[in-house]
Structures are given as C-alpha cells and as structure tokens.
Amino acid sequence: MAVIRDLTFQGAQMLLVLLLAPLLTGFVRKVKARLLRRRGPPLLQPYRDLVRLMRKDVVLADNASWLFRVTPYIVFAGTWVAASLVPTFRSGLLFSWSADLIALIALLGSARFFLALAGLDVGTSFGGIGSSREVMIASLAEPAMLMIVFTLALVAGSTQLSTMAAYLASGEAGLRVSLGLALLALIMVAIAENARIPIDNPATHLELTMVHEAMVLEYSGRHLALIDLSSELKLLLYISVIGCLFTPWGIAAPNGGAQAIGIGVVTYIAKLAIGGFLLAMFETSIAKMRVFRVPAFLGAALMLGLLATLLLFVSRSL
Amino acid sequence: MIIDALAGVLLIPALAAALFAALPGYRVTARLNVLAALLTFLTATSLFFVEPKSGPYLLVDDLNKVFIVLTTFVGFTTSVFSASYIGHEIEIGRLTPVFVRFYHSMYQVLMLAMNLALVANNIGLMWVAIELATLTTVLMVGIYRTHEALEAAWKYFILGSVGIALALFGTILVYLAARPVIGEGLYAMVWTVLVTRAAQFDPALLNVAFVFLLLGYGTKVGLAPLHAWLPDAHAEGPTPISAVLSGLLLNVALYALLRFKMLLALNPVAIAPGPLMVTMGLISCVFAAFMLYRRRDIKRMFAYSSIEHMGIIVFAFGMGGPLANFAGLLHMTMHSLTKSAIFYAVGHISQVKGTQKIADMGGLTVTNPVLGWSLVLGVVAIAGLPPLGIFMSEFLVVSSTFAREPGLAIILALGVLVGVGGLFMRLNTIAFGEPRGPTARAKASYIPMFAHFAIVFVAGIYMPPALVTGFQNVARLLG
Amino acid sequence: MRGLSFDIAHMLAGSLVLVSFMQLYQDRLYSLLNIYALHALVLAASVAWQAFVQDAPHLYLTAVIALVFKAIVIPTALHRIIVRLGIHREIETVVGVGPAMLLGMGLVALSMVVMLRVTAEADPLAREDLAFALSVVLLGLLMMVTRRNAVSQVVGFMSLENGLVLAATGAKGMPLVVEISVAFSVLIAFIVIGIFLFRIRERFDTVDVQALDRFRGERR
Amino acid sequence: MIVAYALYGVAALLGLAPVAVILAASRHASNVIYSASLIVTVALGVIGLVSLSGPALSTITLPLGLPWLGAHFRIDALAAFFIVVVNLGGAAASLFALGYGRHEESPQRVLPFYPAYLAGMNLVVLSDDAFSFLVSWEFMSLTSWALVVAHHRERENLRAGYVYLLMASFGTLALLLAFGLLVGPNGNYTFDAVRAAHPSEALATLAVILALVGAGSKAGVVPLHAWLPLAHPAAPSHVSALMSGVMTKVAVYGFVRIVFDLLGTPDWWWSMLVLAVGGVTAVMGVLYALMQHDLKRLLAYHTVENIGIIWIGLGLALAFKAHGMAVAAALALTAGLFHVFNHSVFKSLLFFGAGAVLNATGERDMEHLGGLIHRMPHTAFVFLVGCVAISALPPLNGFVSEWLTFQAILLSPQLPSWGLKILVPAVGALLALSAALAAACFVKAFGVSFLGRPRTPAAADALETDSISLAAMFIFGALCLVAGILPGIFIDALAPVTRALVGVSMPQQTGLDWLTIVPIAESRSSYNGLLVFIFVTLSGSIAAFAIHRLASDKLRRGPAWDCGYPDPNPATQYTASSFAQPIRRVYGTTVFRAREVGEMPPPGATAPARLTVELHDLIWDAAYAPIAAFIGYAADRLNVLQFLTIRRYLTLVFAALVLLLMVLAIWP
C-alpha cells in the first residue's frame, strides 16, 4: 500500500516537473521582456513551441548517424530522471536513494556528453565550435559543482538530497560561511550550466559566441523539441535544487498528510517563481561576456567551492 | 693421481704447442687444437674427483679449481669457434697458413701459461706464467700486421711490460717481507707457507708490495686507469683471442690479485686491501659505462663492457663477506661465459658484414636472424637482465652492499644503469632498423655460442647445489 | 767488514740512482744509450758485490748477464738501429730537463719515505737497497713518461728493469728463478721490441710512437 | 595445491614461446599460439576466481632462483584478485588477437614473446620472495620491450623501446634497493621474512619512497610516466591493451603488496605522498591526453590519468589505515581496486577499438579519420561504450569506482592529521577536474575519429573489422555495463582482499533490496546503477514511443544547415586540435607553455594562412633532457681517453702509482 502511495508520488513528481518546466522558461522570458519594457511572448508560448515542433517533420543532415537521432531521447531521459529525483514538494521520494547528488550531476554529465557528440556528428564547423566550448565550460563547471556537493555533504553528513534537505531544514547546520560560499558558487554554476547570460545567450543564433545553440544547430522537429524541453527541465532542476537545499522550508515530510503536501506544492511553485524572477533580473542587468572570460568566471566558482570545503574540513576539526 | 692431473693440465698444451709449431696444414691443426683443448678440459674436470695435494711449486685448492675448470672449458669452446673463424680468415686471405700455424701453437702456449698461473704455488712461478701469457697474447694481437693491429699490440706490449715490472717488484717485496719470518730460500715464496705465517710479516713492506701488485696485475685485469691496452687489443686481434682475453686472461690476473688480497687480509696491521679494490672497481665500472656511449667499433664496445664487469667483480671481492664473494665468483663465471659467447657472435657478424664498424651493420635480426637474436640475447645477458645468470650476481652484489654501504651500492647501480643505456643504444642500431651492409649467410658453428648461452640461462634460474656449495667454500676461503 | 760491505753496496746502489738522473739529463739519443750502458755497468758491479757479500755464487751469473746483455749487446744493437733510422741526434722531451730533474728528486724522496717506514729488523742492507731500487724504478718510469721517442722509452723501460734486478739481488737468498726470469724478461722484451721496431720500420719511416698513434682504431 | 595449478598454467605459457619460434614459418602459427594462450589464460582466470572465493593462501617452494632460498610462490586474496585481472585481460587480448593477429606483418617477432609476457605478469603476482618477484618483474619488462620493438623499422618505435627499457631497469633498481633495505644484510629474501622484519621508521619510509618510484615508474605515475605514452602505442594493439590495461595493474599490485602487506602499519604521511602524486598524475595525464591527436597515444595518456585515480584511492586507504579507521580504509581500498578492475576492462576495450581502426584505415592519427561510425558501426558502438565508461558517466562501471572514491573522500574530515585535512579536499578537486576533463577528452576522441565526415580516403572506405575481434570487444563492453549496474557483486568479491589488507571489508552489498550499493549507511549515500539504467531507458523509450505515436515520426534527409554556410569540404570540420583549442587556452598556456602562432598573408597573396601551435613537455624538459644531456657530456669528455698516446697512458699508470705510494706515505 505504502509502495503504491510512494509510486504515485514519484509519478506525480515526474509529471509535475515535466509540466512546470516550460512554464518556468516562459515566465522568465516574460519577466525579462517586461523589465525591458516589452510586452513579450505569452506565458504559455513555450508549450506552443514544443507542440509545433513535435508536429513538424525532422530534416536530418545527410551524413547524420544513428547517434544523432538517439541523442535527443538520451538527453531528455537523463535530464528528466535527474529532475524527478530532486525533492521538490515532498522529500523521501521512492527512488531518491537510487541516485545521490553526485549521481545526479553525473547523469546531467552524460546528457551533455551525448549532446556534445551530436554536435560533432554532422561534421559542421558550428557544431564543432559548440561542443568544444561546451566541454570546456563543463570541465570547469562540473568540478565546481562537485566541490559544492562536498561542502553540503560535509555539513549534512550525506550526499542524499532528501537527507541534506531535511538536515538543513532542521536548522542544526546554522549559518555557516561555507554555506554562503557554496550558494554563491552554485548560482554561478547554475547560470553556466543553463547557458544563461553572461555565459551564453539562449535567445541567439548566428553569433560566433554562441555555445549551446551552436551545438544543437542541426536539430529540427521533434528532436529539437526534446532538446529544448530538456534544457528547460535542466533550468527547473537547478532552481529546485537551490530551493530544496538553501530554502528547505515547506517541503512535505515523507509521512506528511494532504495539507502538508499542499503547502509543499505551493511553496515549491513560489520558490520557482522567485528563482525565475531573480534570474531574469540578473540577466537583464548584465551583459554577455567573451567566451574566454568564462574560465575566469567558473574558475572563481571552483575556487569558492574549494574554499568552502576547506573551511569545513578545518572547522570540523575544531 | 693428482700430480698426473696437474701435469696433464700443463703438459697437454705444451706438447700440443710444440706439435702445432711443427705441423703444416691448418685444417688438421685446427681439429687437433680442439682435441687438445678438450683433453685439457677433461683433465681439469678430473681435479674435482681426485683429492689434490699441493707441492712447493704446484697447488690445487677449491679456489683455483674453479678457475682452472672455467679456463679450460672456455678454452675448449673457443678452440671450436676459432676453427671455423680461422677457416674463414684464410679464405678471404687475411691470414696466411704460416701465421695460422704460429697462431695455433701460440694458442696452446697461452693455455699452458694460464693454467700454469692458476696452479702455481709459487708467487715467482705465477708471475712468470702470467708474463708468458701476456707476451703470447701480444704476439697474437699483432698477428694481422695492419697499422691498427700493430699499434694495439705495441700499446699492449709497453703497458703490459710496465705492469709486469711493477708486479715483479711487488713479488720481490712480498719475498722480502716473508724472509725474516720464514727464512731464506724457496719456501718464502710458497703460497701454502706464506698464508700460514702472513700475520707476522712486516706490514709496511706488505703495503708497498700490495700497491705494486695491485697496479701490476690490475693492468692485466684492465682496471681503469690502467685499462688503455684492453679495448684496442680486443678490437684489433683475431676474435677468438678477444674472447680468450675477455673470458680468461682477465680472470687469471684477477686470480693473482685475489691471492695477494687474501695474504694481506691475514695481516692485522697492514692496510685493508678492500677499500683500494672497491675504489678501483667503482672507477672502472662507472668510467667504462660512460665510454660505451661513443663507441663505433663493435668489438671495442664489448671490450669496454668487459672493463665495466671487471670493475663490478673487483668491487664485489673488495667488499668481501661470504655473500659478496659468492656474488663476485658467480659474476666472474657468468661474465666469462657470456662475454666469450658474445665475442663468438660478434666474430661471425663482423665476418658476414666484412667490418667491425657499428655504423655499417644494421637490421641484423632481419638479415641473419640467428646471429642477430643471439647478439640480442647476449646483450640482454651482459646488461644484467633476468632471467640470465648475471642478473643473479648483480642482484646479490647490489643488495648485499646496500645493506652495508648504501652510497657505494647506489653509485654502482647507477653505473650499471648507464652501461645498460649505452649497450642498448648500440644494439638498436646493430640488431634492429633497416638492414645495412652485406647480408650473406654466415658459415659458422653456433654450438659453442649456444652452449654458453644455455649454461648462462640455466644458471640464472637454477644452480646445482654442488656448484653452490663449491662457490660458498671458496667465498669463505676468500674471507 | 760488515760495515764496509754495507757502505760499498750502499754506494753502488746510490750511484745507480745517480746514473738514472744522468739519463734523465740527456737530450741526445746517442749519449743516452751510452749512459744506459753505464747504468747497466754499475748494476753489474753492484750485483757482483752483492754476490760477494752474500757469497751467493749464482748472483755472479746475474752480474754477467747484466754486464753482457745490458751493458754491451743492447746498447750496440740500439746504436745500430738508431743509426739506420737516422734518428741518433734528435730526441724530444715532453717536460724540460729541469722539471724532469725536480720530479725525479720528488720521486726519490717519496721512495725514501715509503721504504724507511719498513721496520729496521729487516736487515738495513736490503732496506737501503730497496729504497734505491724503488727510486730507480720510478725514475725509469718517469723517463718513459717524459720522452716522446720510442727508443728512449725502451731505454727507460730497461733502466726500470735494472731497478728490479737491484731489488732482487738485494733480497738475500731469493731463489734463482727470479733472476733468470728477469734476464729472460729483458731478453724477450728486447726481442719483441726488436721485432716491433722492424715491423714499424717496414710500415712507417720513423719509430716515433706518435706516428703509431696516428691510427687510433676509431677515426674521430 | 591451487598455486601449483597456477604454476602449471604459467609453465604452459612459457612453453608456448619456443613453440612459437618453431612454428614461426607456418601460416597457422598465430592461430595456434593465440588460441592456446586464450585457453590457458581462461584456466588461470578460473583458478584466480576459485581462490578468490574459496579459502585462499596456498604456497609452494621450488628449488629455483637463489640456491639457498628457493623460489617461493603463493596465492592469497590479493594475488588471486590480480590474477583474475591479469588473465581476464590476457584472455580478451588473445581472443582479439585471434582476429587481429592475422594482419600482423611480422608475426615471428610477436608470437614468441606474447605468451612469455603473459607468463611474466602472472609470475609477478604469484611470486612470494623478493628475488623471484624482481626476476619476474624484469622478465615482464623485457618481453614487453621485445613486443614494443616488434615493428622495429620505424625509428620512433626503437626510441620508445629504448626509453622504456631504461625506465624499466630504473624501476627494477629502485625496487631492488627497497628490498635490500627491508631484507638487510642476512640475505633472507622471502616475503615472510620481510613481513617479520619490522624495519625502523626511517628505513620503512625510505623503502616506501623507493617502492613508489619503482612501482610508480612501471605504472606511469607522473613524473615517471615519460616512457608510457611512447611505448604503449608502439606495440601491436592487443599488446598495447595488455600493457595499458594489465601491466600497469601489475605495477599497482607491486605497490600494494609492498606498502599494505609487507610494511605492516603505515606512517600517516606516506599517504600524503601517495595522494599528492595521485592527484597530480590524474590531472596531468588527462591534460596531456587532451593535447594528443594520435588515438593510441591519447589512450596511453589516459592510462596515466586512471593510474592517478587508483593512486588516490590507495592513498586514502593508507591514510585511513594509518589512523586505524578500518571501515573507511576498506571503502577507499575497495574503490581503488575496483577501479583497477574497471580500468583494465575499458582500457583494453578502447585499445582493441583503436587497433580495429588502425587495421581498417592504417591510421592512428585522428586528424586523418572521421565518419567511421558509418563504415564500422559495431566498432563505433562498442568504442562509444568504452568512452562513456572511462569518462566516469553513469550507468557504466567507470562511474561507480569514482563514486566510491568520492565517498571515501567525504569520510576524510574525521582524519586527525592536519596535512591530510588540507590535502584531501584539494585532491578531491583534482579528481573532479580530471573526471570532467576525461569526458571532454573522449568527446574529442570519439567525435573526431568516428563522427563527422571522413577526412581521408582511407577513412572513407574503411571496412568493419572481423567478427572475432568484435566478439572480444563486445564481451568487454557487456562487462562494462554489468559492472556498472550490478557493482555489488564485484564489491563483495573484493571483500576478502580488503579483509586481508586492512582487517575489515565493506558491508555485504548483494543482500540489499533493489541491488543498491550502500558504502556506509543508506541515510548517508547510496547508488543504484540498475534502477538509474532502467529509469533512463524506460523514460527515453516512453518519450520516443509517445512522440512517434502522438506527434510526427516523419523524417527527411537534406544537406546540413550549418547556419546557411554549408561547406562540402571535410577539411572545414573541427579537427582534434581545434576541438582542444579552448581547453588548451585555458589550461595549456600554463601547463605546456602552449603558444599559437597564426600567420595571415595579406589579401591577394597566394600563400596559405597558417596556424602553428607549439607545446612544451615541461616535465621532459626539466627532468629527462638534462640527464640525457649530462650523460652525453660526460661521455664526450671521457671519450678523450680513448685517443691518448701511449706515453699519456703510461703517465696515467705512473700517476696512479705515485698517488698510491703517497697514500702509503701518509698512512698512519
């Protein structure tokens, strides 16, 4: 019985993230437009785009291989699974223990791995630019992310998201310098990973500075839809990770009743909204940076993460 | 009867020498040469079975038994090799039958001299024998009568005679040291007597004597900086002689050195001979290792490697102690076998290629697989890589020294490493790469070479207990 | 008698060292050979005196060998050779005569120091003789080192051998085998050298060792 | 006596060598030899498995080797595990070679040494006294050297062999000195005697350093790695697989044997050394790899990286063991050893793939490849599996062992000593960095050589490799997946080893529900490769099904879009070096002093525009070049002594005499 219940919650979570992701993106776009004094696209525009793309035929480059066609599904599946393992409105999901935070990051890593390969598959110069820059960014972002994980894991004594969230919510952790550093670093990494300004511009084409878009340039139709959907999922994922780790309030306990669940959902959506709003603010208030200043940016994140970990290692011993 | 065996070891070569001087026709002589060497070898092995009894002139004990058997064995295999080698030399007209007659007779004289030096119980007699051996080899080195050969022989002769003189002076000093204790006359020069009374000898005289003996016989051993004759003599003489020089004559001189070392070690007041030998051994090893890098002549290269190994051996004996002495003996045996085998290979190679210049030979494993791979095997063995015999001895030398004198062990080991580098640098050119030079098949008898390699290989994996106990006795004897 | 015999032996040995110095002093091959003859002569005298002192008749034989071979046969033969090779006047030394002399002094001092450490109860006769013999040996070696010319090097070598004979005869009651071997060695040495000189004569126009050294086995 | 059977197997392998020499002429030689060694290695592997599971520790003494000592052999848990690793790799290589070996142009230079090489590696693991250990160790190096110079007509192969042999001898020398220290002058070289010896702290420390140098030089630890990227690619590919996948593991075995087993309780700062070396090795290895465009050399450099990861695991285990934290030590050691196994699997697999490509195209240079996924689909697929595995991405096996290592790192705050407190997080960062860079590197490796458009005719008409080679590759590919989704089995198999070395082992894994692995406690961390795998495949296929059903499944082919600038010339694709350019600019400028010199001719000039990239191998320049220069200098100086005149030689003698006499004169 309990298993059925957990399964339903797990399924609900998966559906929830899937449904919320485009909305979040639409929301961010809308806010950005408003901040620029434009009316901007309607909130539901991303859904429409997805549906439209789904219906279109796929135009495949002549020498695209099977890998090119499989990749969108792999990327989507990886991101989706990752997103559905993050405690959003209710902790202690059925399968949350099957992959801890490190594994989540690694899952996103595999998604990126295949995407980068797909960028090289057709053998165009833009694809090459895209994937080579993508892996360069990732080679800095992933260690930074792992350092952040170390920090949190050392505080919470676990790499399980649920446990971490619970611990941080309990307030035993208290306010720590390293947590602040970790948050900062995490935000920087999130911006980089989601190809937002100032690292990359999601709304651009035909620029030699583009990274993510260049990689997926050859995709069309349903493939493109999946790619877009998974990047939206990724954005959602990062915001909810930040939410559940640094604002761990309102998440329903595993044994919480319907009311707790309701609170959980509401607070979760609120967190997303705030996160999206802040992101939009940030993006509108800053300019895109040159590709080769990105390493400095991410290096800073890595250093912050390492610093946070070191502080913990030292303070733990006192 | 022991006297018979001893006499046989000396008489067979003597008679053979006389006979060969008389006989024309090199083919018969070559066969007889092999026969004589074989007989000598058999006689020598019989020494193991009949309990020896030493007279005032001749002596057989555990120490020189090992040396005699080794000498006669390598002498035998070399005679087999030399038969085919000389045949080729006559075909290409490098040697005339007259010289070959001379050569064979000299070969036996050399055997005689070395055996005599080994069985001599009288330091004077031993000196005479070693000197005889030197003069014979001088003549044989010069036998090709080319400019280089003459120069080598001349160099060898001058340096050798100086060495002889120094050794004689040392011998006289030993006698002078012994005389007050033992009394005038013959017995003041007899080993068996000397060792019993060495403790009372005058230390100062012994010291001076040892210095002269070390330099005198050290010249024959080829220790740096007295080595100068060795590379050229090896390079310019006929290859069988190179094999005998490296495989045997050096050992004989070393044997003399060891005897005197024992003598000095018995005297508490005299300087310890060990440090001197260790120093010269290290110098020779390291120096020769560096010299390997710039060699262009294949025989000269292996001559330098002989210097290196003599350095290691002298080092081991200088360190002393049962383990190091055992290692030294083992190393000496293995080096004799390996190095002579290498020289057999090199002889055939230089005959095939018609040159000794390393630059003019290449890709040997392609053109002459047997010779090429034998050379590779030989170099692997001489470089001290397992599973061949020299690895075991070097292992023992280094590890036993490292426990006592870490610094020295490290220097020695690095020297060996440098030597490995030099050897393989050349081996790459000779054995591998694109073939260069003539690619005729070699008309050669590989048996002696393979026999040596087989022994070295087996010894690296399994040593018969009898041999081990024998070596251990000798090691204990050397103290 | 004892003292006198000692003094005479001492004097002879000392004069041998002196003659070695004279050899070092020579700068002409011809006169060098003469001095070498003198060297051998003195040696013969000292050996004879030793024979008389030790009343060991076999030493007279050695004295005769020294006299005949070293003082007469060899010098004359070498004269012939150098005349035939036409090199009887030139002789190039590496270091000048003066430095050579100084080096010689140092060597003699060294040999004294080394030998006088020998405890005196080994009889003084042998001890003094040894000191002188050692100096003669060293001086002979010095001569071989400081002369470029093959003949003079041979001469140096032979005076070295003379030192050995001096030592051997000084060693009281040393078995005959040694003297014979010494003479024997000199004989062999001379023969072989002769052979070499002839071969060299065939091949080159000079017996200068440097001419031999032109061929290094390995071309640079 | 199970060890006796193992020795029979080794003897059989050794016996194959002369057979190969005899058969050299015949056509069937390679089939005979490789199938025979396949059988024997499989048998040996089974022996290893049996003794790993069953009661281990069986010993035997043969009257060989040092006469008064004899040759001691023994199988314990550690040896058994490594025998499994060695012979698994050996069997796969033999199977692969059954197909691959047909194309060998000079089999008589490979066949005799191949089985001997396998025998040597087995002997190292089996031997139980210092002498047999060193003999087998050097024998292994020697045979592999012969295999490296098998294609001796290319000069660089000879050079590779030369450097390799020297470094190998150097390593053996270091080990010899280490044993000399531990054994002492009495000359009892059995491992039991060494265990009993309990050397003083200073001695033990020196021995550890020597062991680190000796075993490390064979394993390819920076800065002793210089020979590895030269030698491994030079050999025939199945031998490269053995050298990279297996021989480096034998080196790891040597280190573990000496440091964990023979030396007893470690000193805590040994682990500092090991950890630092490991971290540097991991990052440097992958950075070197990123700069390569020779496929096999790139793989060789990745071996260096993975050795670094293994070293980190071992270092952590040492640290925990030194502080008596047995459970954590067990975790770290398991992580390291599990990575040993994993790396041997996927590295062999990748080298097989590289060999197949080399066969099909005759090219090792990635700049001349491309588009092979169309011509060699199976090879491409299984090579991709290897790439994912080595990039430490779930759900394959590479990720599991790195995940375990991370878990071990997360336990390190409990370490009391401060040095480790500072060092371990830094090492963790290096480990993370190397993992990310490895992914980047294999995107490049696979993308440039298998994807895109063929850059040369050779690549354009490559043919799929033979089925036997494919079989070998697919077996290992499957193994990567199994070890990735069911790691519990392998972790439990390692339990006896850790129990033997650090006293305890990780908790039993296979019993847990859903086959999860839980290193310490479920609240702390857990990973379930199986579920993740099922999840991803399910959701992926559901999405595909749904889309194809509900939305369109139509597909049109057309020319590439490429922002409207399609260029038919394959030269406009990204090459390996251009792919690495961003990373080169980020890291290379400091690590390799990388410089890009671009010369652009003025408009109208017919000269082509050039971009030249220059890289410096600083380690080589700093450590190896000076030594070579010194030796050359000394050789030149001393060589003068060959050309002196006789008189000068006499002067030498004279000087020596005078010197010694002076010594006497001043002697007290």
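For clarity, chains are labelled A, B, C and D in written order, and residue numbers in each chain start from 1.
We take it that contacts are C-beta pairs under 8 Å (C-beta built on N, C-alpha and C of every residue); 3 or more make two chains touch, one makes a residue touch a chain.
All figures in this text were calculated on a predicted structure; none of them were measured in a lab.
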item	value
Topological distance between subunit A and subunit B, in contact steps	2
Pair with more cross-chain C-beta pairs in contact, given C-D and B-D	B-D
CA centroid of subunit C to CA centroid of subunit D, Å	69
Chain centre separation in whole Å, for subunit D relative to subunit B (CA means)	44
Subunit A and subunit D, separation of their C-alpha mean positions in angstrom	35
Subunit A and subunit C: spacing of chain centres that average the CA atoms, whole Å	100
Touching two or more other chains - residue numbers and ranges from subunit B	154-155, 158, 162, 208, 231
Sequence positions of subunit D contacting 2 or more other chains	642, 646, 650, 653, 657, 661, 664
Touching two or more other chains - residues of subunit C	114, 117, 141, 144, 153, 209, 212-213, 218
All chain pairs that touch each other	A-D, B-C, B-D, C-D
Complex interface listing, subunit D residues touching subunit B	63-68, 109, 131, 134-135, 138-139, 142, 149, 152-153, 155, 158, 161-162, 165-166, 169-170, 173, 176-177, 179-181, 183-185, 187, 189, 631-632, 634-636, 638-639, 641-642, 644, 646, 649-650, 652-653, 655-657, 660-661, 664, 667
In the complex with subunit B, residue positions of subunit C that touch it	114-115, 117-119, 121-122, 126, 130, 133-134, 137, 141, 144, 153, 157, 160-161, 163-164, 167-168, 171-175, 177-178, 181-182, 184-185, 188-189, 192-193, 196, 199-200, 203, 209, 212-213, 215, 217-219
Subunit D-touching residues of subunit C, taken from the complex the two chains share	94, 107, 110-111, 113-114, 117, 138, 141-142, 144-145, 147-148, 153, 209-210, 212-213, 216, 218, 220
Parts of subunit D lying in touch with subunit A, wherever the complex brings them together	370-371, 373-374, 377, 384, 388, 391-394, 399, 403, 406-407, 409-410, 412-413, 416, 418, 421-422, 424-426, 428-429, 432-433, 435-437, 439-440, 442-444, 446-448, 451-453, 514, 516, 522-528, 531-532, 535-537, 539-541, 543-544, 547, 550-552, 554-563, 565-567, 570, 572-574, 578-583, 585-586
For the subunit D and subunit C complex, residues of the former touching the latter	642-643, 645-647, 650-651, 653-654, 657-658, 661-662, 664-665
